[in-house]
Structure formats: structure tokens, C-alpha cells
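Quick one: the structure is below, and I'll ask about it shortly.
Labels for the chains are A, B, C, D, E and F, by order of writing; each one numbers its residues from 1.
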Amino acid sequence: MNADLHEKPPLLQARALAYARNEEPIFGPLDFSLAAGEVVLIEGDNGSGKTTLLKVLSGLLEPTSGEVLLNGVHLTLAKLSHQVALLGHLPGMKLELTTLQNLRFAVGLGGIRPGITPAIALASVGLAGYEDQPLRLLSAGQKKRVALARLLLVPAALWLLDEPYANLDREGIELVNRLLLTHAQRDGAALITSHGAYAYTSGTPRRIALRAQAAQQPASEVHA
Amino acid sequence: MNADLHEKPPLLQARALAYARNEEPIFGPLDFSLAAGEVVLIEGDNGSGKTTLLKVLSGLLEPTSGEVLLNGVHLTLAKLSHQVALLGHLPGMKLELTTLQNLRFAVGLGGIRPGITPAIALASVGLAGYEDQPLRLLSAGQKKRVALARLLLVPAALWLLDEPYANLDREGIELVNRLLLTHAQRDGAALITSHGAYAYTSGTPRRIALRAQAAQQPASEVHA
Amino acid sequence: MKPGTTSAACTALLRRDLALTWRRRGDALNPLLFAVIVVALFPFALGPDAQVLERIAAGTIFVAVLLAALLSLDSLFRSDLDDGSLEQLVLSPHPLSLLLACKIAIHWLTTALPLIVIAPLLAMLLHLPDRVLPVLLVALALATPLLSLIGAICVALTVALRRSGMLLTLLVLPLIVPVLIFGAGACNAAQAGLPYGAPLLWLGAWLVLALVLAPLATAAALKISLT
Amino acid sequence: MKPGTTSAACTALLRRDLALTWRRRGDALNPLLFAVIVVALFPFALGPDAQVLERIAAGTIFVAVLLAALLSLDSLFRSDLDDGSLEQLVLSPHPLSLLLACKIAIHWLTTALPLIVIAPLLAMLLHLPDRVLPVLLVALALATPLLSLIGAICVALTVALRRSGMLLTLLVLPLIVPVLIFGAGACNAAQAGLPYGAPLLWLGAWLVLALVLAPLATAAALKISLT
Amino acid sequence: MAEFFHMGGYGAYVWAAYAVFAIALIADALTPLWQRRGTLRDIAARLRRDASRDGTIKSRPSGTEDQTQ
Amino acid sequence: MNPLLLWFHKLGSPPYFYRLAGRFLPWLYAIALISGVVGLYGGLVIAPADYQQGDSFRMIYVHVPCAWMSLFVYAFMAANSFVALVWRIKLSETLAMASAPIGAAFTFITLVSGSLWGKPMWGTWWTWDARLTSELVLLFLYLGVIGLYHAIEDTRQAARAAAFLALVGVVNLPIVHYSVVWWNTLHQGQTVSLMGQSKISSSMLWPLLTMAFATHVYFFASLLARARAALLALESGKDWVRGIAQARQANAHG
């Protein structure tokens, strides 16, 4: 193992990371590292490859070149273990089951942080009283909140959040910010994508900018 | 018909409109009217019934009580005709077909405004050069732009847009605002839902507030 | 403002659905292969006794073709529902039943017609006597559109469900039992040297009726299940 | 940080899938009804002649049960893929093959087992001689888990495709032709008064092999089709 | 009596038919009772849940203060 | 408004119907039970054994009333479906959907008892005879209606969709019946004819009629009970239902 015993390696490190789909580069060689306690915003226009980057970092897609190190260890699907929690566009939960059942399953699969229960997590995201509600009866924003509750439960050090602010009302946006802050404070780290940088209000986060590969034509004129 | 010939009725009028799902009220009796040239923002927390309201107004759901008048005429599915264009969470387009093919179909089904073509509309939303790209190869935000191009093409006076800003980058947000402005100037009207009122920057729009029926608990505390 | 004519809408729909079928041409072949495989399974399941196979040939082909067309029915409105195109169709200013009739026609052309074309091959696999083949083809030509039309009503009823595949089968089958009895019955009669004109005429009469009524019923059912 | 044990993960998965099956219990009955209906179609297609029906009874029941189990296979990972649960499963720290084995077991329990239970009824509908019934049941009990296991591999390969229903059938059917030949063959042998032990033993041997290998293969296939 | 149950050799068939008749109808009669009980239980649970949601509304002011800080 | 119309209007109101049905229910169950016991006593004990079929004919007292009911209930369901679709009366939706499982139960009993009767009489559990076949199709139709109703989430939408299916099925039923009859004569399988309409003696007849009466009354009792349960679920947001739930909870805890 490369891990230097004297100096703690960064939680996540990307070296010359690039991804190409069918030989067409989606995002260029990227170098960055993420220390514990950091929250980093991935910025980029529509189609610049933010979603793709998160999928690569979570191990769902394999990078075309470059490498990803987690705690100084090469990332492979097998070793991903319980280090990464991905919140994508899909909820990863069953619409037919209740919020509590869904969270219990997530805990069974991913383990649980000490000192928290699914019910507490639900209350933390403002869904107390919705414990026995099947997920399909919730609105778009309420579903997103349940997905956020999952993050609170599972013991993952690195959060990868794809547009966590979408569909949330202002209270929900504040909730995400508070969750991120708490997570950073207990030595977690998070990578988030968002168009609305305005949404992240607790201080200015560090940013990673993705250039759109096929530079978008400016929408200069609206035809009437 | 009720339409008074001397005074033009408002484009859209809702009288004591209410919707209940399985006897549970989703939004309360609402009264409002929308004149040509107006853009109105529907505000409400997660789960307050914004999406449901738009579906009712488009005629996809039947209201439990109250009535909707379009140009002073009662709204029935049959009479909706080409007056309403709905942009929901779903794209209403085929992922396998190219952007141009999709727009051509929309035009065939809904008719076309004079003086515009699918290609021009695509260029207007900043997707010139993507004409022959199948939709599935576009990112979330790019798909949304194609859906916006459809609005430019079909001759609908009333636009119902459910969270049109979601997934769009800043340029995209400006694009939506410009589209709305142009639409209002040529005597169209639009109802939009959005959590981020900040997104609508061209002047302050009129607002309709939906009270959350089951008031949400404030997410006061994040459990660590 | 140019609202667009109904015939333009139908043309656009036909053109789009054909383009889609072409894009998904791999999928379009599936019903065909399914029918071939079901028929091919029978010699394996029953053993290679030619007499037994000949006796059951017409019936088995009919069942296989019906099952294949039936399973492909599920996709009639599925993808349109999933991506919101169906909402746009319902919200369009044109008569829904006409638009749906176009979709049903496309469905028949792309799934049932190839099945009829390949039926002689299936007949050969099961040693169907040659003189029965024309009757089989006519019976299939009358029965498959009936199936598409009747099936469309049931699909419209189940379209709002997430996984409707098998429920659909349950709904459709009681409705097509008569079609099967008359279609396969005509073939069996022909094979036994009995007159077979009457059942075919009945099928034809039903087909005319269904052509008129089924699109209307489908539109009504679709509206019920979308609101 | 408490990572959670693998057995806890399996238990959670089993509990969740059973809860889901219960919530969708209407759907769970569908394969059953499908098999019943396919079997019921044959008398309509072939005519009510008891002798013909008796001759084809075992084979038809086998084909119907295989088709029903097979069509229900499609849903094995479908909904998990659609809502992103499958990604979470793949990203979990536990051996994927074990988790998938749990899913396959649930699938067999909820779709194939009811089919075996109802097989005597199907046998009655087609006048299968009583003495063949035990052989049929044993053959089905060995063949259906084999089908679930082999099918799971193919489902894993096709899961990333949107509408895989029929493609899946195409992949699975060639693989299970041997199962069909041996299973239905044993029944036909029993019906003809011949010895039928050997094919059943073969089926048993394959089953043991598949129990060990199939979950591993499924996990590998799933990883391929998700990246 | 034994003769009555024997039914001239058809006892098994006759009594099986009557048993199916009885079981099916008893099950049919019990289902609405179960349904009713389940529904009422769900409603009671929902009332309790709504009550707990109402309780959180009362604590709202303190919560909003928290956020403005 | 004339009093009868007014009464119908009131009947359409769920809380009124719920209470009224609740008052009738015990009586209906009691009448069904008593006439059922009388009919069974008459059929099993008093009626003499048939000179041809021996005691096996006693199956007639479950088979035939249930067979009649299976058809009657379908007609009842279809009529209510029609009303529900055309006039959008909620009570009709509820009644149509409540009758489906009862009808399915009667159809099931008919099939099983007929099967049990067929084994000693015809030597086989099942033949593909016209009447048997159309009864089987009827069962599938019932199951389709029930399945569709339970598959759709929104209860009222589900009821309307299933009602539509029930109506399509009613068009289909005569077609099935005659096609099956014709199919059998077309292809001379050994057509087994049911026991003829022989003049049966009055000591055999009255228990049969009593049982038919009992099953009809039972149907309406079960229908009302199911409709009551369904109304509770359907109106679960309304105050009157909450009142019932709270009262019941108070009873349970107090």
C-alpha cells in the first residue's frame, strides 16, 4: 500500500482522471484531492459531465484514464465498501414501502452510525409523523428528504451528492446545508454538484470547475 | 357561453378550485385569474400541491370541486385543444429519436406558430448543432432545453411549467426568463412553479401561495 | 396561430412510431422469435412423434402467435406513458380515438404481420398438412387485428400500472377465447375435411365491428386510467 | 462506525423483498394465472378431445410453467434498476453474489412455488393420468429452481436494456431446452410406463451445480451490464 | 348416522362439496370484517400521526428562531 | 322532489348508507343462515335419494344455487358498473366492486362442486363442455375485474376502470357461451350433456328453492358488509369515519 503512515493521506484523491464515452471525452484529465472535513462544489454548465464524474468517483463507471484513491488506497468496486454514499437522481428506494421500512433496509445493507436510529433521522429531515407513509404518497421534495435521511444513517465518510438542492424548498435547502456542515465537522467530506451555487450559503465552498467539452452556444436570442 | 362580448374574459380563471385524493384535500379552494400577458409564480413548500394544481389546470386531473374557465369557457378535456402547453417532470419526448424528430412530432400533433421552425427553436434554446443527436445522449439540463424548444413551437396561449428552472445552469435560467418575457409580450400567459423565486429575475412576478396542508415540521435540528 | 389538422397529426404520429420501431428494430423482432421458440419447444416437450405434432399443429401455432402478439401488447402505450408522450397525446386537440387507431395499426403492422409472414415456417416445424396452410393464414389475418384491437382496450385500462404485463394477459385472454376457438376451429375443421367457411365469416364480422368500436373504447378506457 | 454484517444485510434484503411481494401480492399471483390461462388455451385451440389432451398434458404444463416463470423473471431486477436500488446493492460492502442469491431465492419462493402447488389443477384440466402426477411434481420442483438460477444470469445481462422482456426469453430459452427435455421427458416416460429415474437424477445434479455457480455468474454479469 | 355420512358411497364427494361451500362463504363473510378492522386501525394510526405533526407545528416558532441565527 | 327520489339521494350519501346497512346486516345474515339451514336439512335429510344418481345428487343443493348466483352476481355487477360509469354515482362503484369477490366465490364453488359431482357421474373431474368452459371464463372475468381493481392505486379510478372491464366482459359473455356451444358441435368431442331438466319431485325441489333464496339473501348481506368496509376506506378522510375510528379506539383502550 502506498499510504504514508506519518502523514494522513487525503480522503479522496483524483489523479489525471478522465472519462470518455465512445472515444468522446466527457471530462478532461482532472487532478484534485479532498481532505476530511471539506465540502467541495463541482461546477459546470449543462452537459459538462458533473453527473458522470460522480458516477466515476463512486465506482459505478470506470475511468478511461487516471486513478482515484480513497484514503490513499486505489479505488475498486470491491474496496469501495462503506466509504462512499451516493445520492443520485434516482431515489434508490422502494415507492411501495414506508419511509421507515426503506431506511431500515438501507441500514441493514450499509450499517449504521452509532447513536442514531431511522426514526431520529426522519425527524431530522423534517418528516416526523411520516414514518408509516409509503414513499409513493410523498411529493418530489419529500422523497428527496427521505434520501437525505439515508445519508445521516449510513457510516460513509464521503458523500457524493448530485444536485441535492433540486426540488427542495428553502427550508429543505437550509437542511442540506446544515447536514453538510455537520458531516464536515465530524471529519466527513462531500462532493456536491449544483447549478445554483447560491444554494450553498454556509461559507464559500471550494469549487472544481468542469469546462463544457462542446462549448455551448450562448442562448443569445429568443426567436419570437 | 358565458363569455361577455364587451369585456374580454381573463385567459384563465379558477373558481373555488379544490382537489382531494382519496378524500384527502391536497389543495384548498383557490380563486384566481390570469390575464393575457401575465406570468404568475405558484409558491409552496414541498408537498403543498403545486404539481397537482398544474395537472388539474391542464385537464389531466379532474378537480374535486370548483371550476376552471379558459377564455371564459368551461374547461373540459375536449375543449382544452391547443390552448395549453404543459411542461411537467416528464419530457414527453422519445429518448431514441433525435431532437429535431421530436420537435417535428410535437409540431405535427399540436400545430405550429407562424414564422418559426423546429431548427430555429433549437437554436433559440442554445442547442444548435445538436439537431441530429438522439435525446438520450443529452444531459439532464440539455433535455430540459429541448422541452423548452417545444414550447416555442406550439401555438398555446397558456404555459404551465412545473419547476422549469430545475436542472438548468445559469444561462439556462436566463433563457427561461427570456422565453417567459417574450411569451408574455405576445399576449401569452404562464403559470410556473418554483421553489427558487430567486430564479425569476425579470421583475417580480405575481404569486399564488399554496399552504402546505399538513404543515411541515421545521427541520430544526440535525442529529449527529 | 395554425392549430394543425388532424390528418397532419396522424401522419406525424405514424411517422414517429415507424421511426421508433426502426430505432428499436431489435425489439421489434422479439415477438417473432418468441412465437418461433414456443412452437419449437413443443417437439422437445412432447417428443418427436410426427402424428401427435400434426394433430396439434394448427392449435399450437395459433396459441403461440396469440401469446406473442399479446405479450408485445404491453409495450403499446408503455413507453409513451413513461416519458409523458401519452399525456401530450391526450392533451392534443385531435380526436384521441383516431390517434389511438393509428398506434394500433402500427402495432399490428410491426408485430402481427411478421408473425403471419413466418407462419408457414412454423407450420412446417409442426408438420401441418399443406392444404390447411391457406386456412391458417386467412384465420391469422383475421384473428390478429382483432387481438390488437381488443388488446388495446385492456392495455389502456392497465396502462397506469407499473408492472402490468401479466395482469394484462389475464384481462385479454377471456376476451379472445372466442377468437381462438373460431380461428383454430376453422383450421382443425379444414384438417378434418369439414367445412370451415362459417367460423372465418364470423371472425370477419367481428373484425369489422371491432374496427369501429375498439378505438372508441380504447380512448374511453385511456381517459379513465389517466385521470 | 458500525459497518453492518453480511448476514444482517441478507436478512434486511429478504425482509424487504418479502414486504414488497406482500405489497404487490396482486402481481405475485400473475405468473400463476398466466400458467393456468396458457394451459386453458390449449383445449380451446385443439378441441375438447380428451385423448389428444391427455397425450400432450405433461408437455404443455411444463411449457406453460416455464413460460410463466420465465416472463416473471424480467421483474427480478427491473424495479431495483428503475429506482436505483440496484446501484445501492452493487455499492454495498457485502458480497454481491450472496445478496443476489437471496433475491433469486425470494423469486423462486414467490413465483415458482405457487406454480408447483397449482400443477395438480393444471394436470386435471388436461386429463393427465393420476400416476404421472408425482413425477410431474418432482420434475417441476427440480426444474423451476434451475430456471430461476439460469434465468437470473440472463436477466443480469439484459437488465440495463430498457425493454428486455422478449430478448430475455430468447437468451433463456436455449439454455433451458435441456431442462425441458429431461423434465417433460421424465413425465412422458412415466406416462408410457417406461423408467423415468435417470432424467430426474440429471436434473438434480445440474441443480446442485447451478446453486453454487449461478449466483457468482449473476453477480459478474450484473457488474458488466451496470458499468 | 354413519349411513348419512356415507351417502351411499358418495360421501367423500358430497361432503367435500359442502365443505368447499362452507369454507368459501365463511371466508367471504370474514373478509369485510378484517377489512373494516384494518381500515379503522389505519385511520386511528393516521390520526395519531397527524396529532404528532400538529404537535410539531406548535413548536415551530422556536424552530424558526433557530434558523435565523 | 318526490319522496322516493329523495330517499335514493340520501342512500347515495355514504354515512347514511353505512348506518342503514349496518342496521340491516344482522337481519340479512340471520335470514340467510336460517333459510340455509332449513334448505340443507331438507336437501340432505328429508329429500329421498335420486333413483339414478343415488345420494350424489344431493350436491345439487350447493352446485345449482351457486351456479345461479355466479350469473346473477355478474349481472348485478355489470348493472352497477353501467350506472357508475354513466352517472358517476359513488355508491354504484362501491357496490359493483364489492360484488366482484362474492361472485368469484360463487363461481369458484360452482366449479369445484361441479367437478366433485362430475367425478362420480362422468368419471372425470373436468371436461371441456360448453357450460363448464363458459363458467371457467366467467371466473377469469371476475378475477380480471378484481385484479384490475386492486392493481390501481386511486380507489375511484380503479373502480371506474374495473367497471369498464366488467361491461366489456358482459358483451363478451354471450359470445363465449355460443362460441363454445358451436365449437363442441363443430368438432364432435364427446359432448357430455348435463342432467336433463327432468321434472324433479317437489320434495327435492323445495330445498333447492330454499337454498337459492338463502344464497341470494347471503349475497346481499355480504354485499352490504363489503360495501360498508369499502366506504370506510374510501371516506377515510371524512369526519364521520374519523369519529367511528376514534370511538372504536376509545372502546379498545377504555
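The rule is simple: contacts are C-beta pairs under 8 Å (C-beta built on N, C-alpha and C of every residue); 3 or more make two chains touch, one makes a residue touch a chain.
Keep in mind it's a predicted model, so treat the numbers as computed, not measured.
K.L.:
Hopping along touching chains only, can you work out the least number of steps from chain A to chain F?
P.N.:
2
K.L.:
Sort out for me whether D-F or A-D is joined by the greater number of C-beta contact pairs.
P.N.:
When D-F is set beside A-D, the one with more contacts is A-D.
K.L.:
Just how far, in Å, is the C-alpha centre of chain F from the one of chain C?
P.N.:
33
K.L.:
Would you kindly tell me how far, in whole Å, the mean C-alpha position of chain C lies from that of chain B?
P.N.:
Chain centres of chain B and chain C, defined by C-alpha means, are spaced 37 Å apart.
K.L.:
Just give me the whole-number Å value for how far the CA centre of chain E lies from that of chain F.
P.N.:
Here the centre of chain F sits 21 Å away from the centre of chain E.
K.L.:
Counting only Cα atoms for the centres, state how far chain B is from chain F in Å.
P.N.:
48
K.L.:
Residues of chain B touching 2+ other chains?
P.N.:
Touching at least two other chains: 89, 214, 217-218, 221.
K.L.:
Where does chain C touch two or more other chains at once, residue-wise?
P.N.:
Only 24, 79, 167, 170, 173, 177, 181, 185, 188, 227 qualify.
K.L.:
Residue numbers in chain E touching 2 or more other chains?
P.N.:
Residues 50, 53, 56, 67.
K.L.:
Quick one: which bits of chain D touch chain A in the complex? Just the residue numbers, please.
P.N.:
Per the stated touch rule, the residues are 1-4, 8-9, 11-13, 15-16, 19-20, 23-24, 79, 82-85, 87-94, 223, 226-227.
K.L.:
Okay, in this complex, where on chain F does chain E touch?
P.N.:
Interface residues on chain F, with respect to chain E: 29, 40, 44-45, 49, 54-56, 58-59, 62-63, 66, 101-102, 105, 108-109, 112-113, 116-117, 119-120, 218, 221-222, 225-226, 228-230, 232-233, 236, 241-242, 244-246, 248-249.
K.L.:
Given the complex with chain A, which residues does chain B contribute to the contact?
P.N.:
44-48, 51, 89, 116, 120-121, 123-129, 138-142, 144-145, 152, 163, 166-175, 178-179, 182, 185-186, 195-196, 198, 214, 216-219, 221-224
K.L.:
Spell out the residues on chain B that touch chain F in their complex, using ranges where they run on.
P.N.:
Within the complex, chain B contacts chain F at residues 20-25.
K.L.:
For the complex, give me every residue of chain A touching chain E.
P.N.:
Its residues touching chain E are 128-132, 171, 174.
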